[in-house]
Amino acid sequence: MLLEELRAEVCEANLELQRKGIVILTWGNVSAIDRASGLVVIKPSGVAYDDLTPDKMVVVDLDNKVVEGTLNPSTDTATHTVLYKAFGSIGGVAHTHSMNAVAWAQARRPIPCFGTTHADHCFGAVPCTPPLSEDQVTSAYEAETGHQIVREMGNGDPLARPMMLVAGHGPFTWGKSAKDAVVNAVVLEEVARMASATLALDPRAPALEDYVLSYHYQRKHGPGAWYGQKA
Amino acid sequence: MLLEELRAEVCEANLELQRKGIVILTWGNVSAIDRASGLVVIKPSGVAYDDLTPDKMVVVDLDNKVVEGTLNPSTDTATHTVLYKAFGSIGGVAHTHSMNAVAWAQARRPIPCFGTTHADHCFGAVPCTPPLSEDQVTSAYEAETGHQIVREMGNGDPLARPMMLVAGHGPFTWGKSAKDAVVNAVVLEEVARMASATLALDPRAPALEDYVLSYHYQRKHGPGAWYGQKA
Amino acid sequence: MLLEELRAEVCEANLELQRKGIVILTWGNVSAIDRASGLVVIKPSGVAYDDLTPDKMVVVDLDNKVVEGTLNPSTDTATHTVLYKAFGSIGGVAHTHSMNAVAWAQARRPIPCFGTTHADHCFGAVPCTPPLSEDQVTSAYEAETGHQIVREMGNGDPLARPMMLVAGHGPFTWGKSAKDAVVNAVVLEEVARMASATLALDPRAPALEDYVLSYHYQRKHGPGAWYGQKA
Amino acid sequence: MLLEELRAEVCEANLELQRKGIVILTWGNVSAIDRASGLVVIKPSGVAYDDLTPDKMVVVDLDNKVVEGTLNPSTDTATHTVLYKAFGSIGGVAHTHSMNAVAWAQARRPIPCFGTTHADHCFGAVPCTPPLSEDQVTSAYEAETGHQIVREMGNGDPLARPMMLVAGHGPFTWGKSAKDAVVNAVVLEEVARMASATLALDPRAPALEDYVLSYHYQRKHGPGAWYGQKA
């Protein structure tokens, strides 16, 4: 069986979505890429998390063709592969319908960076894409969703802002691995919830000062980062 | 004992309400119909979920007469049977007092379709009935609740919008089976919660574009649906 | 040991507060009265729920004197005994700081009856007392809290509205037994949460029509009640 | 190994953060001081709660130098030590990113004392510091965070208001021990949540009357306190 280790990681990352309480039913999917072969391991479509096992993961290539597996891959597969092609530094992608992140996506607003919790994980606001046009939806919806994310990211570093909202839809997150993508999905949900609660207290709450944003982000992710332990 | 398999399914579906956290105390009930015999299996009234077993389910006919069982059926039985008589394609009905769905019912507002989470399960807004008149309440409250739902559905396809709010009361959902009715009750609660959170961020949040609604709904439920796995 | 059965019931009712998620730390207490002897069994003060056992319950008389037990009774004991003296039909009292009920108490607003969930358990709005005066607080705070509740109830039937908010403080509930008092505390918390969510959707949401309120309440609690099973 | 008992207490207090649901991922840290030796025991940086054991705790002196331990101490260590130096009566400090407390910190508002739940644990509003200046952030961010808290406390008694918000960041709490600091973190999160829910119902909700605040606080913490049991 191809990519046994990655299958196990992707399966585990999908299960983690449910354990962290950010998906219900089958509302989420995680994938990872093996950069050497250009193959992507992804959750099968519509399978309950309780029934997932590593051998049920589906292996596809970057053109979304199934290379190994008897189940259909996630309907969102084409979004994942567009992200892997555009963002060369990422190794995993997660998509959920977690409640608070979806609320911001449905309100079609970027999430301002209101505090250090946000700054520790995302360098600045969490962007929100514009809605897709009718042409985009009817021609190649899933791939166009990916392109919309890539356009919105522009020249930014995908690992410095590893999360985005798609207007009227929900969040996509990514990271160096499937596990990191899931951590970022958890972070995004909590940051979205905090931001909503902040606006409820003050609709004109100020964004975090840039110098605090920089300090916190660099402390955890910069070249001289000293948060955590040496690997 | 009549309909043993259906009794087990209905019992399990009622227990699922509690496991999914959408009922407390005894605030919900699920039924299913056996179309061949025209008999309905439903939860007994006021019995704690922890005490439910298949043999305690009550079998009634479409005139609400108990055909088998020593316990009283749910006080909402007449609402369920009206729905089975009017909606020939459905096989199960669920009623809950789940918090966010009740909030919309109490505010007497239909839930707009703000995003793809909603579109994946319900084709357009979740309708809300008008309140019942005093005559309706004092003559045949439970049956009239069913008729109000049927009138509000009009010529719509009950399986395309398998959920409705009753003003000042709460949600009713249905599906091809008791299990599906419960899934729709879970979906409605989450969609209601997301919609409330969306309006808190933007009281004039736009409804999802029709072409995205259609695309998402058809992808999952249309004739060429490709979400999930082949049966 | 006095009142062994009632001790067990009161202990169990206190534990149920925690299991239902309506208290954290030691923020709640439940008591019950033995009408024959006029003795009240109540939680000891400041003891963690995990450490409660029936023998730790404290027995007091209606003058708040400890009749049996080595631990101090709840600091709120005098509120409980005032309620037992004024409301002859009740057998149990519960006090919590459950979040949503406290929010209404802190906003000093009665909770309107917005729907049937509320109507099934409380006949009309949940009242909120006026704040206590400085004299009341400094002379006999706990007893005066009870008197404030009794005054606010006026000629009403305490079992028809088995719950009240004390302004700036929190909820008190009661019932025929300690167990019923706890059920009403759970109901009040959920009804308060639903009412807040309703007002967030429509600050002018209408109260439930009187004829629906009457129908629902009578169906469950009136002389011809047919909800549930025959005892 | 130094301070074995305190290591166990601090480890347990950190685990309690997770059990009480006020931290996710690694978003919180607790420490305690041994006043005799002036040594502080604190959580290691970025270690998952599930992996914490007493021997992984780090011992530092009041100048933030590691005295024992192979892991890096929490990045917030310098904030903790500033608090220990300024507040001679405290024995433990906790820092979290609990959702509702963070929302108030991000809205940069002190939490008014709206009710007795708050009054039982904190004598008056929970203060919120002003934001740090760029100079403070770039020179010695963690220590300056501590100094900001100390300045905001002024001549107040740290044990009477054992909690504070840092603008744009989150809550710090303290107490006589690590355990007490965690209890105060739990209290603050719940009080913050209640205060937000109160303002949602009435943006001009009144603060609790001073005489009720005094009565409740003194009943539990004053010289003649009679809440709880004799030690």
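Chains: A, B, C and D, in written order; residue numbering restarts at 1 for each.
Throughout what follows, a contact is a pair of C-beta atoms (placed from the backbone, for glycine too) under 8 Å apart; a residue touches a chain by one contact, two chains touch by 3 or more.
Computed from a prediction, not measured in an experiment: that's the story for all the values here.
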**Study point:** Steps needed, at minimum, to go from chain A to chain D via contacts
**Key:** 1
Check your understanding: Is the contact between copies chain A and chain B built from the same residues on both sides or from different ones, judged by whether over half of the numbers are shared?
Key -> different
Practice item. Averaging each chain's C-alpha atoms to get its centre, pick out the one most distant from chain A. Key: C
Study note, to complete from the structure: A CA-based fit of chain C to chain D gives a rotation angle in degrees, as a multiple of 5, equal to 90
Point to revise | Computed distance of Cα centres, chain C from chain B, in Å | key: 33
Study note, to complete from the structure: chain B and chain D have mean C-alpha positions lying a whole-number Å distance apart equal to 46
Review point. Which residues belonging to chain C are in contact with no fewer than two other chains?
Key: 200
Check your understanding: Given which chains touch which, is the overall layout a line, a ring, a star, complete, or other?
Key -> ring
Check your understanding: Mind giving me all the chain pairs that touch?
Key -> A-B, A-D, B-C, C-D
Exercise for review: Over in the complex, which chain D residues touch chain A? Could you list them?
Suggested key: 24-25, 27, 44-47, 71-72, 75, 97, 99-100, 102-109, 131-132, 134, 137-138, 141, 168-170, 196, 199-200
Review point. In their shared complex, at which residues does chain C touch chain B?
Key: 20, 114-117, 183, 186-187, 190, 193-195, 197-198, 200-202, 205-206, 208-209, 211-212, 215, 219, 226-230
